[in-house]
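Labels run A, B and C following the written order; every chain starts at residue 1.
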Amino acid sequence: MQTEFELSTQGPGLYEFTSDVRDWLKPIARDGLLTLFVRHTSCSLLVQENADPDVQTDMRAFFERLVPPSNHPSMAYLRHTYEGPDDMPAHIKAALLPVSLAIPVTSGRPVLGTWQGIYLFEHRSAPHNRSVAAHFA
Amino acid sequence: MQTEFELSTQGPGLYEFTSDVRDWLKPIARDGLLTLFVRHTSCSLLVQENADPDVQTDMRAFFERLVPPSNHPSMAYLRHTYEGPDDMPAHIKAALLPVSLAIPVTSGRPVLGTWQGIYLFEHRSAPHNRSVAAHFA
Amino acid sequence: MQTEFELSTQGPGLYEFTSDVRDWLKPIARDGLLTLFVRHTSCSLLVQENADPDVQTDMRAFFERLVPPSNHPSMAYLRHTYEGPDDMPAHIKAALLPVSLAIPVTSGRPVLGTWQGIYLFEHRSAPHNRSVAAHFA
């Protein structure tokens, strides 16, 4: 069984879509494997804590320091810059963070831990429409 | 087929559980796909070299330098600190390293390379009980 | 269904094998899930942009700066160095980048986005023969 989750983003940060995933799986009500795959090279998937919102703020802050914009002096070696200073850093973050996730499903419920949520991690500054392919079997 | 591997950790580092995985798959004796998913946001899964123990020491040392404790001056921007200086860095390392692994299985044997072992990478300082969900189909 | 893709590398960088994957899946012509797993601990898999070659150059440049060779002063703490200065950094990059990829397949076509290609990311300096296990179900 396959579907595609469509998500609209308004700048860098984490966008949770755990409930979309749960709602899709619920009627299936059996064991299997859920696979998610993001069809872009400048955003990522992420399983992370969904309790304290500060975790998401800190996460974004860390990755902005690890991979600064290409107009930052430390990134002067980057060549792929014509789409703006957030372009190549977005590709690098997309390499560092998951493009695909595989999550076992028991009786139609993904076996997420108590504090685990499923997120799209947007790395671009401009608004984007993002597409996450989902497969269940 | 599903199970859950339970692992006890005593501080940061790599804990190998390749033999648990092999033992679970052996009686199945057919082709398929193994998926592992760690049900926590402050530890990771990792496939790495299991020959020289220095690899594991170096791995841990690298990640401690890449993501220092939140009481380190370079990490003063972190907000999610109330569970201690290893709290938010653990979440960041859990973002940088795999939450899920997918490994083809041939005749009941995961197709690991000669030097590949399967590890839980613990990022927290205190002892923890960790749960890794496994799915085979 | 399983196979193994064999790739020869001549030093660090990205080696695309999207067309090998497409050719293997095409005759299947049905829905399913493709899993790729690299059987080594010093190279990685990566889904990245296949349009501008500068992206690949920048990607390699970033990771060489994030994880410099072990004879770089900042890496003096590394112990696993007997196979050369590119040895332990290769293991670290292999931890930071994917060892496995899971990609839904629709009618025999992987659901890659327009600009997504599938790459082996070589981290070692010497030429290597690399093996990527593939599973489709």
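One rule holds for everything that comes next: a contact is a pair of C-beta atoms (placed from the backbone, for glycine too) under 8 Å apart; a residue touches a chain by one contact, two chains touch by 3 or more.
Computed from a predicted model, the values in this text were never measured in an experiment.
K.L.:
Same residues or different residues where subunit A meets subunit C? The copies count as same if more than half of the interface numbers are shared.
P.N.:
Comparing the two copies, subunit A and subunit C contact each other through largely different residue numbers, since under half are shared.
K.L.:
Quick one: superpose subunit A on subunit B by CA and send over the rotation angle as a multiple of 5°.
P.N.:
In short, 120 degrees.
K.L.:
Taking the mean of the CA coordinates per chain, how far is subunit A from subunit C in Å?
P.N.:
20
K.L.:
Hey, what residues on subunit C touch two or more of the other chains?
P.N.:
Those would be 33, 66, 96, 98, 101-102, 137.
K.L.:
Inside the complex, what are the residues of subunit C that reach subunit A?
P.N.:
Going by the criterion above, the answer is residues 31-33, 46-49, 52, 54-55, 57-59, 61-62, 65-66, 96-98, 101-104, 106, 111-113, 115-116, 137.
K.L.:
Flag every residue of subunit C that touches subunit B in the complex, lowest number first.
P.N.:
Spelled out, the residues of subunit C in touch with subunit B are 2, 33, 35, 37, 39-41, 66-67, 77-80, 88, 91-92, 94-96, 98-102, 131, 133-135, 137.
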